[in-house]
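Shared between the two complexes below is subunit A, which has subunit B as its partner in the first and subunit C in the second.
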Partner chain A sequence: MRPFNFITAESREHALKLVADNKNAKFIGGGTNLLDLMKLEIEAPSLLIDISRTDLGQIEKVDDGRIAIGASVTNSALAANMDVRRDYPVLSRALLAGASGQLRNKATTGGNLLQRTRCQYFYDTAQACNKRLPGSGCSAKGGFSRQLAVLDIDDSCIASFPSDMAVALRVLDAEIELVSLSGTRMVPIGDFYSGTSMQPHIDTVLKHDELITRIILPRPLGGSHFYEKVRDRASYAFAIVSAAMVFQPDGSARVAFGGLAPKPWRVEFAEKLLTTDIDEYVRLAFSGARATHENQFKIPLAKQILKTLISKHREL
Partner chain B sequence: MIFYKAGKNIFDQQRVVGKPQRRVDGPLKVTGTATYAYEQQPTQKLVYGYIVGAEIASGQITGIDERKAKHSEGVIDIITYQNVPEVGTGAFLSAKALGGPHIQHYHQAVAIVVASSFEQARAAASSLVIHYKREAGQYSLQSRAASAPLSKSGSFRPDPVSSVGNFVSAFQQAAVKVDEVYTTPDQSHAMMEPHATVAYWEKDMLHCWTGVQQLNWGVRDLAFALGVPKEKIRMRAPFIGGSFGVKGTVMSDTVLAALAARKTGLAVKVTLQRPLVANNTAHRPATIQHVQLGANRDGKLTAIGHRSVSGNIPGGRPEAAVLSTRYLYHADNRATELKLAELNLPEGSAMRAPGEAPGQMALEIAMDELAEKLKIDPVELRIINDTRFSPEHPNKTFSQRNLARCLERGAEAFGWHHRSPTPGQQKAGRWLKGMGVSSAIRGAPVLPSAARLTLQSDGRLNVKTDMTDIGTGTYTILAQTAADMFGLTPADIDVQLGDSAFPESPGSGGQWGAASSTAGVYAACVALQEKLAEKVGASLHDLSFSDGLLIVNGTSVSLQNLASQGEISADAKMEYSEGRKEFEHQTFGAHFVEVEVNEITFEVRVKRMLAVCDAGRIINPKAAENQVLGGMVMGLGAALMEELVVDERLGFFVNHDLAGYEIPVHADIPQQSVIFIDDVDEFAGPLKAKGVGELGLTGVAPAIANAIYNATGIRVRDYPLTLDKLMTKARAI
Partner chain C sequence: MSSKPPSNPSRREFIKLTSTAGAGVAATVTTQLPSAALVEISVPTIHEKAFHRKVNLTINDIDLSVELDTRTSLLDLLREKLKLTGTKKGCDHGQCGACTVLVNGTRINACLSLAVMHEGDNITTVEGLGTPDNLHALQDGFVEHDSYQCGYCTSGQLCSALGMLTEATQGMPSHITPDLLIPVTLSRDEIKERMSGNLCRCGAYQNIVNAIEEYAERDRETL
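Take a look at the complex of A and B:
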């Protein structure tokens, strides 16, 4: 870990000004991933800007029935929120499937969106990793890849994205509010993650001088919500494959997957097949999958999870 | 004192020994006042060391550029092979604690950066530039297995070959056969407390606090490493936060802390950062095992063949996976074989029930496969093949052997009769249910052990030995032992452990700790009683002790009075007669498991576990139960998730942190119960007790594997049994 400065921002404007002035500054929320990365010098910010006192800790109802989640709201608080539990249970369930109680008490909504991959080669600074050190190569390709991505990858990187929460947000069509000194923009979560780009060190469209301020959930969409997470142990493990799924009374359904790609994986145009032709859905939604010997079970597993959720829903 | 056989003695009263006792060190543990190595605060100026691990698996250091690191804030010194005398190897491990220029394995320590604070040392370590020349190495056990030679006999290296009768022809002619290959992965000890040391020198005398299980090994090997006499090292390990074998002797933290302390003249504190532990220290080596069982239709085994190959660095030991097969079941024709491939992975060494745990992971699945072929209940099959005599030495019996009782008792308590003999028959919703069983066997060695008993002037008794408590409850059982001998309670006894200045014990390892160290304390108690007898002018036989009083010929005197003119101290050592070799000394058990397997995703959830253990007198049933429960958790990890993944191109364990190397969490742990068979072993020691810490692990993983088969009809012979393996096999069916 490199020595660094730490400033608790007094306001959002203060935070934005600090980050605009320092190319090596980073915001810190709960620090549950960033501090690990700093200890390993995968991240080496010269300045940490604590945003815990910038009034981003609220969950609020917007007038039109939408919900705005402040970026500093902890995973525990978000999962326990009554509006979320009633109207967006898939989000609550995804959050509770992630990490441990201690981590969820500290981890924030904004920080969760920005988690880095859990690829082991990313965390070992002696190994080549394009995500950590652009141009150094990818040790994971041809190495230990069981946990890694099979979709939206290329030769430069096969890392998977670890968040459970983001998978639920993707199926809910959440929007992310990004604020900088030059203004505010709203980014749909489907456009937030870069995916394949030949620039694996860039995970999202977030610019250096932008702060995630709020995550906006659309008006309650009703239906039956499911979050299914498959992993090697019962708790405190990243998903091998997970699925966030919502069934509507009109027979339509939507689904997003975790563990398959460098971002939450959702293929909207195929969703009309979800309740009519699963094989065809799988063929369309997972076309172009590039599995290794070690992770080729992930697509069949994803299909099995889909089948499970569909039959669970039928049994309701 | 020389031990052969225990007659009727004070421990048969089961007054303190044999009764559940709270840990005497419990209050210290739960209030955070038990001082572990890293928490020691010596009076000397204290600085911090940070160990740098090699970034290649095989090759040479071609250059070290320490300019930037040296000028980093707070840096006091940087120690590499270039500026200290060559480090020697110890008697137990073959890897050097400080590598360079030759690198033996990935993350071998190549430098220690010393700075005023931990953070400064860590920051400077990352700017230390080390240039390497990579050389080709052997990293694949699978590809080296065929050409691997037999291992060699020696210390902790059993004979590589054993043979009785004519295995080949008996197996060929057997009516029913199992002939399968099983694999177990490299495993990490993954203990809670990483290796840590505080070291400083007083002139030529080295003082260190560390977490070594066997202080006599630690001192011996540190002396070899540093090239100093053993007498010039004082090592202390009063508390150890888990170890499972990987702290059997000193590792890089101790050697480099000592080197850094010598070079800087300061007290140096070092802990291994978690991501370094798996590759820098040691692990349980992977095995490839070929098991061949031949039986008559009535279930009698006629042929047992068990061959295992494991890998290690040059000079390393084999994983003795066939060892327990030599003692477990009867068969007239038998052959076992251990091979050892040279690999350039980190060094493989002892991990809880070394050899026995992975060996039974293979053999006990094979027994389940045989039972199915024979259409005999797996519990029954094991009982049919039980033996009173040592299978390879039929003139020898076991000092005590209750394997069949364990199996019968467990089957009854677990409700084994509810198991369907046909797999895949029982279901609850999407969850397939199944039950599995395994025998368990683990050696019961004892080693000479010494202690000092002191009657203090305040009337309290003090026990001193260099024995350790690795979380097992040693403090308590030694207090129990002395309490029974003097008619006191454990609260009247002060036990001091983990100091090499105290009388020598064999430490904690190999499941020998409890039996050996209590015997040493017993001997010292007798020696002290002899002194007291002399003081009151009586014979030892006329003395008795009760409630803090010495009673002789109807009159009594308080212990405190006896010591009023000064404390009375006695040292003694327990040793064992050659007669011990007349018997095989083993502990036995049976594990029963119920699992549920998701029929769609193949996630496995263990629902119930039962262990029945046969280990002589159980000195402290509360602590012993803890040990067995912990072993069952570890066995669950071995069955379902634990694997150090080898990158066979780059030669290292990739998942070298606790996010990547998954061990069970609370949510994985079901209802667990432990039953101890009520028996004593008169040949085990004065307390008639044997160890249980490693027995609790052996047999757990195969019982789970067998339960998964019973639930699903899918047989996986490659540990851990992860859902992808089950799914792949299910799709192939």
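Take a look at the complex of A and C:
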């Protein structure tokens, strides 16, 4: 690990000033992904700004019935929160399907949104990777790609996004509050992830001087919530394909997928077909899919997960 | 190095110069450097105060104040600085759970946590659970149920199990909990799911779950 300076931020403003002054500074919350990457020197910040003591650890109800989750709230605390369990069970389920008990106790909501791909070629610094080192190429193409993306990819990168939590937040239409010294902006989670577009080293629209402060959940949307995750072992593994789905009493439904793309995958305009014509939904939602011989099973698997969730919902 | 190379050395002079050069000529001539110089060159900043921080914390009921290189993980503080080698380093990347310790009663992977972020924290390692003469009841259970072969994962399993039982007592659901709104019953399957962050490459899982299950039942009866 490269040497770095370490400062415990006393307040949000303190943290924002520190990051604005240093192009190589990074915030640290739980550190479960950042330290992992720093050990491999994939990340090498010259300054770590500890934001764990800046009063971002609360889950609060906003006046109009929305819920504001502080960026430092741990994955465990968020999954166990009674309001979340009652009104947004898809979010609890997604969190509980991710990582291990130990990691969920440390990992934060803000950090979960920003975790990097687990593509093994991104992690292996002896391999070419455009996400880690722009312009170096992509060793994943023609390599082991079972885990990797089939949608929203191009010649530069086929990495998949690993978060379960973000898939649930996508189906819930959460908003992310970004704060810098020049102000605050709200970004819908659907606009937060950049996708590849030949610039795979840019994961999100977050700017260097911005801090994720809160994640806002809309008013409870009711309905039946499901999070289905298919992985290579029963617990503690990243998704091959996952789906966060909500069915409403009026027959409508919405769904977002994990494991298919460099971001949570949701195609709103096709959702009206979810309960009437699955084949047509799949054709529209997954058009342009580009699979390798190792991950071509992912689209049929996603379709199968959809069918399973529709059956489960009907059995309720 | 006191002598400067001549500005226009002949081939013979150049060879003589490079073959007798000591540390400091060029870090790239690594084969000619004594090993001590290599260490100094590879981590030149280790003695720079800018990268040191003091942290005050409590470990197994002992208050400590230590000055550390900021890079030190909680795991390396325990093992390398304090010689508390009961906590094990397995993967060092949060994948195996061998380094699990309790921080303010909550289980975490000590390998993925910076020591300097634990100001004021209360840390319990396997050394703080019991002693060879006075084992913790869960340690007794591990002996009785033969819950290990090589024993490398055991300290992590013990700390993780105790943290897990606290979580269950607090009503925290798991991935397999059937209903998020009904109090949790700690079944065998629940224990397996909640302990999935602790790998045992000897495959002593059945006996580990046996020991935890029995301890959890006894614990419940005494409450």
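Following the convention adopted for this analysis, the second predicted complex is superposed on the first by the 316 of 316 C-alpha atoms of A that agree within 3 Å, B and C clash if a C-alpha of one lies under 4 Å from a C-alpha of the other, contacts with A are read in each partner's own complex, and residues count from 1 in each chain.
Rule of thumb we're sticking to: a contact is a pair of C-beta atoms (placed from the backbone, for glycine too) under 8 Å apart; a residue touches a chain by one contact, two chains touch by 3 or more.
Fair warning: this is a prediction, and the values are worked out from it, not measured in the lab.
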{"item": "Touching partner for A:Gln304 - first (subunit B), second (subunit C), both, neither", "value": "first"}
{"item": "Contacts of A:Lys39 with subunit B and subunit C, given as first, second, both or neither", "value": "both"}
{"item": "Which of subunit B and subunit C A:Met1 touches, first, second, both or neither", "value": "both"}
{"item": "Contacts of A:Leu284 with subunit B and subunit C, given as first, second, both or neither", "value": "neither"}
{"item": "Partner chain in contact with A:Arg85 - subunit B first, subunit C second, else both or neither", "value": "second"}
{"item": "Partner chain(s) touched by A:Ser235 [first = subunit B, second = subunit C, both, neither]", "value": "both"}
{"item": "Partner chain(s) touched by A:Gln120 [first = subunit B, second = subunit C, both, neither]", "value": "first"}
{"item": "Where subunit A meets both subunit C and subunit B, residue numbers", "value": "1, 3, 39, 100, 234-236"}
{"item": "Residues of subunit A touching subunit C in the complex", "value": "1, 3-6, 8, 28, 31-32, 35-36, 39, 48, 50, 52, 76, 79-80, 85-86, 89, 92-93, 96-97, 99-103, 105-106, 234-236"}
{"item": "Subunit A-touching residues of subunit B, taken from the complex the two chains share", "value": "55-56, 73, 119, 122-123, 126, 275, 430, 600-601, 603, 605, 640-641, 645, 647, 649-650, 654-657, 659-660, 662, 664-668, 722-724, 727-728, 731"}
{"item": "Subunit B-touching residues of subunit A, taken from the complex the two chains share", "value": "1-3, 39-41, 100, 118, 120-121, 123-127, 139, 142-144, 146, 230-238, 240, 297, 300-301, 304-305, 307-308"}
{"item": "Residues on subunit C engaged by subunit A in the complex (per definition of touch)", "value": "45-46, 48, 50-51, 53, 69-71, 73, 92-94, 97, 100, 106-109, 112-114, 116-117, 119, 160, 163-164, 167, 170-175, 177, 180-181, 192-198"}
